[in-house]
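These are the structures, in structure tokens.
Okay, so chain A shows up in both of these, paired with chain B first and chain C after.
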Partner chain A sequence: MKKLLENRNVTGWLMVSPLAAVLLVFLVMPIILIIIVSFWRATEFSIIPAFEWDNYAFLFGSPVTYTVFLNTFKYAFITWAFTLVIGFTVAYYLTFHIRSQTWQIALFLLCTIPFWTSNIIRMISWIPFLGRNGIANSTLMSWGVLDEPVEWLLFSDFAVILAFVHLYTLFMVVPIFNTMMRIDRSLIEAARDAGASGVQILWNVIIPLTKPGIMIGTIFVVTLVMGDFITVRFMSGSQSANVGRLISNDIALLQYPSASATAIVLLATVLITIGILLRFVDIRKEL
Partner chain B sequence: MEPRPRSFYILSAFFALFVLFLYGPTLTIGILSFQGEGGGLTFPMRGVSLYWFYDLFEQQAVGDIWGSFRRSIALGLMVMVTTVVVSVMGGLAFRKKFAGSGILFYLIITALVIPSILVSLGVGLLFSQSGLNVHWTSSGFGAQLTWTLPFGLLIMFAVFNRFDKSFEEAARDLGASPWQTIRYVVLPIIAPSLIGVALFGFTLSYDEFARTLLTAGSYNTLPLEIYGMTTNVTSPVLYALGTLTTLFSLLIIGAFLALARLSNRRKARAGSDAGKAV
Partner chain C sequence: MTKLTSQTGLSRRDLLKGAASTAIAAGSTTLGAPMLWAQNIKDVTLRQFGTGVSNLNDVANKVKEDLGFTLEMTALDTDSVTQRAATQPNSFDIADIEYFICKKVWAAGNMQAMDTSKIANYDKIAGTFRSGLLTPTSTIAQGTAPHTVGFTSGPNGTDFVQEESGWMTLIPTIYNADTLGIRPDLIGRPINNWSELLNPEFKGKASILDISSIGIMDMAMVVESMGEYTYPDKGNMTKEEIDLTLGIFTEAKKNGQFRAFWKSFDESVNLMASGEVVIQSMWSPAITAVKSQGVPCVYQPLEEGYRSWGGGLGISAALSGLELEAAYEYINWYLSGWVGGYLMRQGYYSAVPETSKEFMTADEWGFWYEGKAAKGDILSPTGDKLAGAGEVRDGGAFLDRMGSVVCWNSVMDENQYMVRKWNEFIAA
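So, the complex of A and B:
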């Protein structure tokens, strides 16, 4: 018995057994079941075990699928670009322009607090801003920029992307800040002594050293946006669709087999994207 | 001190705008929740009143807000405790390589990046196909753990990457058993970070929507209740509820931060607790 406990494989697995059990029951088994159900057949009120490719054939045969997948990538890409620029700038400011550590921590916390509050409330809170009689429209009208309120602020792609950027920029700020704080300051001094300008230091020293943080932030933002269904539904007023909404619509109609097939294609897409991104970074080293 | 470069002021303005962007909308609905009785979802304010808060406490027609609030807190606490315990054990285990640790690590990453609707759908299917009832304490609880555990573990990995192993070696040299080493050396050192893990566990569960959607069963948690309200309530009562839950979240965050500060300070004051482990 004692010898058994000294084996590092045995002790390791004993300690991770609760973790492994949770992941097995609530992650691995559900995924396997979704794969199985994606081959089943659905009637209007029940689902029947079967093995047929109909769900996939329908999915890939429908032009809607391609539009929706393209739309999903569009949301992911635009949101990624905005969150990257904003997140990088904020992290850069906190790291290199704030001199006292107390202030750094305080301002960093200020940025992260919204992460711990409800996403749905944060989406709702855009209504008074973007609505037809909202703050944005009335301000622009009082400045004379607009003659009449514009309609596309709320319930549009613009609103969807605005909400995504609002919700997910933190996922960029945190990993980039984490990597930037570990950059050795003497490297920057060396660059300055060697005659590099501010822009050159940023481009040739800081950005390359921050790449791992950027990659981790990218993984977070891209997967969150690609897997989302609630933000798109709420902020577009059900006028736009992404893959997540396709799945949730099928679920609402109890079409579990077709929802499963779409879910599997989505999962494959996300994992391939992540696989490509992971080639550029070793996550465990960067924590 | 060097004078501030011009870029400092530009970036400060950028940062201020970013903070305004983050908090502005929430503050706005905070103000609008005090809307007068005849007011609507946007400005102008038609008087200032607590009408919508009263409304929230009185009218039960929109659903079971207080019941869902209680369930969310209970679930949050369950998830919090589980996340802390399981993450610490996992973090300790992952310090040494063991057979299959690589696969398990990739599973953790998968749990982190998998679209949440898949977890919801899959767990819902798993329970219904095996004849079990979906309930927030079983399927809902498990589905949320797939989201909070990866966060907890990532924090633990980060903590143990920075952990000075010589403390443990010293304990071992002094004759401490493995359990004593963990109980009296490792755990006290990592205690402040556990507060962070607990904060993640509670708040991520308290606000989780997508993973609970198909797994909570017939009793809603608070985010599900709020989501239901967005489709059929179009009065500032929605803002009143939003303001209250945000205040509650801020209270929780504040409590955790105060706790973290306190434990850091205590650690600094107590210095060494050598000899107390006997």
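So, the complex of A and C:
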């Protein structure tokens, strides 16, 4: 027994097995189950084991599916662009403009304060703010900027993206801040000594070195937005849809097989997206 | 008995069942007035779930007080209720569901038929739930009328029968007539037709509920009112009719007619109270909730009539023995008037109005049921003022409101197709 444990291969396997077991039971098995169910047939009150392509045929045969997937990508892309710019700026400020480490940590913690309340509460609090008679509209009207309330503030794509950006910017800030902190300051000094301007340093030194952070943030934001349904439902007043809502509607209407099929297609889409993203940066090498 | 348990390792539950069956045998001679076995019944816990409409903590407290056993309540939205009744038979003992949900889930066999001879007030249940006739001369509205899915062939029936067979799928408790809710202060003119929901005048200020079985009926009312189409049977549309109906609404949606769709009761209240929406599908207590915030809101009676719904209590197929008897006791208590009075004072109708009357003041009865002007303040069961002296209920008396029902919430033969098309409408 002792000899066995000294064998490096065996200890290696033993060390990896708890995680492997957890992933197998809680990740791989459910996904396999979803794949199986996606081929089943549903009636109104029951699902019948079968092997048929009907769910996929209906999914790919409906023009709504394509609109909805397009919409999902649209949300993901716009949210990504905004969170990236904001997240990068915040991280840059924290890293290079705040000199004392105490203040860096203090300000960083300040960024996380919104996370002390629940996601849904933070999202819903936008509703009275943006409404027709909400704070935003009445303030703008009292300043004389508007004559009558703007309607597109709430229950619109604007509201959805605003909420997404608000909810997920921190997921961009954290990884970018983390990689930026680890940039060797002497590299920047060297660049400056060699005569590079501020913009050139940013573009040729800092951005390339923060790429892994940007990529990790991107993966966070893109997967969160693509998998979300509740933000879209509340902020669009149930009027817009992304894939998550398609799935949640199906589940609500007891169409589990159809929901599974949509989930599988979404999973594949997200995996492909991440695969493409990882082509740009080798996270493993640069971490 | 305690000794027996330790000796044989019988579970407490088995024992209770045994005790109950003995008791049933003993009690069957005095049927009609079920007596309970005072000690055991206190240990019983019944788990009830349903929509927020009648899942009230006040009811659970009163059950504890009057009957001695514990009632656990779970409130869910309509779709989740359907889901649970169909897929998780072991998660509930009592299902407080609507008749159209019953039509969806009954065939799954998760619920058991109830013996009407054990229901003391069966004869006092409103005609709508038995023969389908409100008064001997009324016509039956389209859609899933409660009596069409209210009876089954026998104790183990999974079918529906059209006559009073003595075996009920649900024991009816509550019903009402629904219409559009409006903000009279923001509209400023009379609203008399369902077609107003799609009137371009209210562009960006209208809403409809995102629950397919109910929403499609509201849509059908609007389409007929617009004169676009007259359905042979709104409650059972063909595929073409579904396409037509949702087509009209998809176009309206794309033109920006709707401000939002709502799925839960509180969403509809917020939309209306904040002024985001001025006309929308609504439920009676939601109107009350808006009013109690001091915002004017009317449950507008419309020329074409009302869309109606009914709900009742069903019991899980898994229930037996003492718990089953407790369930019957609970249902008998439910129909005996206290809950009915409570629900009536919220603006619903009790399925057994006679008994509810005893738990209401003459003024309350006159206001809610007879459509008379209130003599004093009308209070909700929780004590909020709903109407002052001289005010009359929107739509008037019971017979005027329920007599103008033209359709019931429905499950159609083409339900699955409708559901998919509905999903597309929401996503469009």
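In the analysis below, the second predicted complex is superposed on the first by the 269 of 287 C-alpha atoms of A that agree within 3 Å, B and C clash if a C-alpha of one lies under 4 Å from a C-alpha of the other, contacts with A are read in each partner's own complex, and residues count from 1 in each chain.
In the analysis below, contacts are C-beta pairs under 8 Å (C-beta built on N, C-alpha and C of every residue); 3 or more make two chains touch, one makes a residue touch a chain.
This one's a predicted model, so the numbers in the text were calculated from it and none came from an experiment.
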| item | value |
| --- | --- |
| Which superposed partner A:68 touches (first chain B, second chain C, both, neither) | second |
| First (chain B), second (chain C), both or neither touched by A:198 | first |
| Touched partner set for A:56, first chain B, second chain C, both or neither | neither |
| Chain B versus chain C as contact partner of A:154, first or second or both or neither | second |
| Partner chain(s) touched by A:128 [first = chain B, second = chain C, both, neither] | both |
| First, second, both or neither for A:241, with chain B first and chain C second | second |
| Partner chain in contact with A:31 - chain B first, chain C second, else both or neither | first |
| First (chain B), second (chain C), both or neither touched by A:255 | second |
| Intersection of the chain A residues that touch chain B with those that touch chain C | 127-128, 131, 133-134, 251 |
| Chain A residues within the chain C interface of the complex | 42-46, 58, 62, 64, 67-68, 127-128, 131-134, 151, 154-155, 236-239, 241, 245-246, 249-255, 258 |
| Of all residues in chain A, those that touch chain B in their complex | 8-9, 11-13, 15-16, 18-20, 22-23, 25-31, 33-34, 37, 86, 89-90, 92-94, 97, 99, 107, 109-111, 113-114, 116-122, 124-129, 131, 133-135, 138, 166, 169, 198, 219, 223, 226-230, 234, 244, 247-248, 251, 256, 259-260, 263, 266-267, 270-271, 274, 283-284, 287 |
| Touch list for chain B against partner chain A, complex | 1, 4-5, 7-8, 11-12, 14-15, 18-19, 21-26, 28-29, 32, 41-43, 85-86, 89-90, 92-94, 96-101, 104-105, 107-119, 121-123, 125-126, 129, 142-143, 145-146, 149, 153-154, 157-158, 161, 199, 203, 206-207, 209-210, 214, 223, 226-227, 230, 238-239, 242, 245-246, 249-250, 252-253, 257 |
| Sites on chain C touched by chain A in the complex | 79-80, 82-83, 86-87, 104-105, 107-108, 204, 207, 210, 212, 253, 258-263, 270, 274-276, 411, 415-416, 419-420, 422-424, 426-428 |
